[in-house]
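In what follows, chain A forms one complex with chain B and a second complex with chain C.
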Partner chain A sequence: MDHPPQPATILELRGIGKQYRSKGRARQGGGQTVVALNNVTLDFRAGEIFGLVGESGSGKTTCGRLIVGLEKADQGELLLEGRSYGTLKGESLREYRRQVQIIFQDPYQSLNPQLSILDSVAEPLVTNRVGDNKERLEKVLTTLKAVGLSPPEDYAFRFPHQLSGGQRQRVAIARAMILGPKVLVADEPTSMLDASYSAQIFDILLEVRQRLATTIILITHSLAAARYLCDRIAVIYRGNLMETGPADAVISDPRHPYTQALIDATPKFGDCGPIKRYGTLVSPERPASGSAGCAFFRRCGLAHLGRCARQAPELTPLTLGHLVACHYASQTPVPETGQACRLGGM
Partner chain B sequence: MSAEPQTASQVTPRRRSPWRERFREDWLVFSRNPLGRAGLVLLSVFGVMALLSFLPPLIDPMYHPMTGVDPQVLYSEGPSVRHWLGTDFMGRDILSQLLAGTRVAFMVGVSAAFMSIVLGVSIGMVAGYAGGVLDTLLMRLAEIIMVLPTLLVVLMLSALFGKLNIWTIVLLIALFRWPGVSRVIRAQTLSLKSRPFIDAARVAGASHARIVFRHIMPNVLPLAFLYMTFRVTAAIVIEAALAFLGFGDPSTVSWGMMLQWVWKTGHMFQAPYWLFPPGLCISLITLSFYLLGRAMDEVLDPRLREENGTV
Partner chain C sequence: MALLEVENLSIGYRTKKGVLQAVDNVSFSVEAGRSLGLVGESGCGKTTIGMALMGLLPRNGRVTAGTMRLMGRDMLGLSREQWRELRWKEIAMIFQAAMNALNPVQRVDQQIAEAILTHNPGLSRGEAHSQVEGLYQLVGLPLERLRDYPHQYSGGMKQRAIIAMALACNPKIIVADEPTTALDVIVQDQILQETKALQKEFNIGIIFISHDISIVAEVCHHIAIMYAGQMVETGTTDEVFRDAKHPYTRALLGSFPALGGERRPLRPIPGEPPLLVGQLMGCRFCDRCPVHGKACKLEPPQRRRFSDTHFALCDHCD
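The block that comes next holds the complex of A and B.
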């Protein structure tokens, strides 16, 4: 077997952990620790689109916010091109953010209503003291054009409330791209938009990747979107990595019961033959296993009551680059129908 | 850049300033509000009065509000052709005093309100954005000042330091009137702080100062302007009360000062032509700023607009 040369790792998460403590006194339900991320180790390669998939509250957004330094990790470290950015502050944080940018979920909330599009998009240039006013205007206009807002002069002097959701999201992409970052986190960039806009936003992301070789980390709950866009994906559940590998492998041959349950839950459409179901979810949920066991224990239909409750599985390679955190990864069900079904609901 | 400017301008009016557009929309809402119109009309009357206050001394030195004494008049006289609103106890023209008082009222009201807004907005934004110990300290300070009776404290200060200059009074009013503003602005800042566009500004590399002044301030300014109109009212009333009680600036003719002269010289129930103009003016200017504020409130809060309202 010969593989194409592995692209260099650009960003690395090493054993990242993050806990939130609820406020208030213990009697009022405060003081409880909620684990948002638990020992997450991931590497992102230069120029790839990496999907971070999980259900609501799985910690994928926290992960994205950590990557751009909006949250601080409680454990572990963050390496950008081999340099550790453990304690980001002041100038080094600004330096880091020139390289790592984010697009937020809700374009109706992520643009300042009192700033014009020009001012919003030029903000990274101003804070990083790039160019003079004329150069900045020029740069903003070309960037707006690149994200499909043309003629850019028409948009630059408008205010967010005069644009549609899709147009606002393009503005947000332009703001994130204007410094030419190496890594772009896209936090559910289309969840607030309807389907036709979603496809356009995805196309813009693909084009950005092609033109600037930017690494894109796509955070999404939609396996269909992940499959459409991503080279590799990671499935995350309650802050724990469950499965990671090439997008096609993970989706057409999922080995973790949770990934299989996610695929079961994805709406399917079209003529795709007999629908395969993994049926790995157990209902009603079991009582919790305690902190030592597998994170998915409560809902897993395959869990061994002894082993899975006591011992958390490690991420272990199954095939090359396909890692699964399950004791029984090799025994999870395989659907009989050979052809994988088309995933709908994108 | 613009290959076909014609088509572009047909689709959307190009570079039409959104500020102007927004102002136009807001003006439409404002002008449909009867309260706002009444307030504006009243206020423009006072504005004209303040402008005219420079005129009487130019016509004849005897019309000077402070030093101009009509040699033909020995005691307070009612309205006449020579003195439209009559004269005070030593023959000074009441109309010219009233006009000068309008100017002083605007000066005191607007500058005190402006200063308290500047203080209140900056302290409120800093407290809301910084949070923690700084927030607690600033807000406790605000509460301490809020429960002090302004008038009483200013009276005591003026008793301590002798007669107060009009600008000192303005400063004192501002120092005692910022806490209310800062509490409102702090609350607004707290809700703005957690909005994603502030996160976006942080990721864009904006410093804390830049976030506060560039990203949060434009969003709280409309509210600050609204509060300013209410603060103007408060400042004018406090100044009038101080002056009436005899703690005003004796070198300035304000409406409160005129009332004090009426009272001190025992003309309270003998000279209605002297008593009523300043009293009415204080009430009406207060009313006009209040009406203006109410109408602005409606512009800023669309929920207050009537169903068939515009925009």
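The block that comes next holds the complex of A and C.
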């Protein structure tokens, strides 16, 4: 399986499944099982930026939380450098947590308002009993500088409310990076920020990867951001992997109807080149087919009532490293002049 | 004549630290059936303008200079009663965070019917409800969901209900403040296309407030870029995107990743916008500007004209 030029796999998801039970009384729709992730198999290579792309509710955040150990998978296995997360205990579990860090979506909520920036960023060092006070201070200052908060002395003694959103997110990155983790999960790190700040955060992530060879798993809803940052991406829909492959290949030549619908819907501006519409989304949704069929069946314009309704497609390789879960992906490319899903009858 | 004309509008907020100049000398106009995009980062004054147009500025906010005219009629001298008649009937707003704009303990159709009845006291309840049904069909909501409560709707459905409500009294102008920010791309795209279609159908003028330049590029005819309370560049969408003049506009365009074309490095804008309290001298973008000259810090920049529609507030753009 291994191709020599590819870097080693650092983290692996094998057949991960996760279900939640909805809250509330049964009559009001409670007590139902919601599938957050369904048989997800992915590998992350050392030093790459991998994008998990999907809409809200697709399971991409659940996937990120599973990777850092904030959730437990119901099925499947999670391996860091070949060691299964489920077997870790005590010191080796702590080691795993040091190696896999996360930054959250909302920098207004992820920092303790009562701790100074210094205390916040130094907290992982204190918890893990690294160094003495002087060494910690030094380490905090160099890390703050590395995320673009310089001179660091100006920021270390401030409190979160004295910083802008972009600066807070940098503090969150510093805090996640201070233990030198091998894997960093970034959960929508810029969705709460203005454009000029998000570009700064993107560049910091790129720099972190370049300097420390950290593997970054970027969770995002934006294909444009994924295209800019990521080496490879995976598109998730309702807990199912739809398409995965090199970012350029997936975005310039999407083969799954859902990926195509996402690209149709993304606002285009600037020098996008010729824009083609795939028009693979049907509206309104068609009735459900039961649980056996393809997850995208209800909204898919290409779906075949017999096959797609009854049998969920497997993720199959199309070209090297480009995998698609669609019965029709290997056939000739989708006609470009398909009926576009436009409401309002224009 | 333009539907809405705003000239030299300035708005200030009283704060503990002094008067905050949220909007400074802003002029624009909106024609029937056209849309204007107000683009800028948070704190640039775009929502303040929207609130002023609705007569809904908070207590500490005040229009300090300028005029706002709706179909030739001065809006600033209106009494509270007159505002109440104007609002929703002539000018309606789609608020930011549609999720929270609906009353959670009232059925959605009731809320919309109430808005209709308030402004058309002559109508009967039944007539108002049949109008609500018409609105539901217009915005693509299923009729069997009329009697639902807001929490039973998805985000996109709530947004559609809010749009239905804004359309309820046939306004001439709609102010849409970040109408799709909390929505997924596919739903966002549907709502944007729908808004465009409705605008065409009813010849409505739309002011589209957003921080996302790519959305505005998709739906607006004209664009006004705001920075620190000032309108730094205005023009047709084509002019602003193809031939941006102001350094801030260029920087903003350069900091957005695109979906296609060449994969170019993003250029983040260094620094932070200025605080708007107290006397501000010179150009407000000066500290973050890559091309600023010596005089920029001291002299306020002049408004330069590039075409009948294209203006920029900068001394160093060519």
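Note that the second predicted complex is superposed on the first by the 313 of 346 C-alpha atoms of A that agree within 3 Å, B and C clash if a C-alpha of one lies under 4 Å from a C-alpha of the other, contacts with A are read in each partner's own complex, and residues count from 1 in each chain.
Rule of thumb we're sticking to: a residue touches a chain if its C-beta (ideal position, glycine included) is under 8 Å from a C-beta of that chain, and two chains touch if they have at least 3 such contacts.
Note that the structure is predicted; figures quoted are calculated from it, not measured.
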item: Fit-or-clash call for chain B and chain C when the two complexes are aligned on chain A; value: fit
item: Which superposed partner A:98 touches (first chain B, second chain C, both, neither); value: first
item: Touching partner for A:75 - first (chain B), second (chain C), both, neither; value: neither
item: Touched partner set for A:159, first chain B, second chain C, both or neither; value: first
item: Of chain B and chain C, the chain that contacts the larger number of chain A residues; value: C
item: Partner chain(s) touched by A:9 [first = chain B, second = chain C, both, neither]; value: neither
item: Chain B versus chain C as contact partner of A:263, first or second or both or neither; value: second
item: Chain B versus chain C - smallest C-alpha distance in the overlay, whole Å; value: 6
item: Overlapping contact positions on chain A, where the chain C interface meets the chain B interface; value: none
item: In the complex, chain B residues that touch chain A; value: 1-2, 8, 11-12, 14-15, 17-18, 22, 195-197, 199-207, 210, 215, 218-219
item: Residue ranges of chain A touching chain B (in the complex, touch as defined); value: 65, 68-70, 94, 97-98, 101-102, 104-106, 109-116, 123-124, 127-128, 141, 151, 153-154, 157-159, 162, 172, 175-176
item: Contact set on chain C toward chain A in their complex; value: 41-42, 140, 142, 184-186, 188-190, 192-194, 196-198, 200-201, 211-215, 217-218, 241, 251-263, 266-269, 272
item: Chain C-touching residues of chain A, taken from the complex the two chains share; value: 55-56, 164, 194-200, 202-203, 221-225, 227-228, 248, 251-252, 261-273, 275, 281, 283-284, 341-346
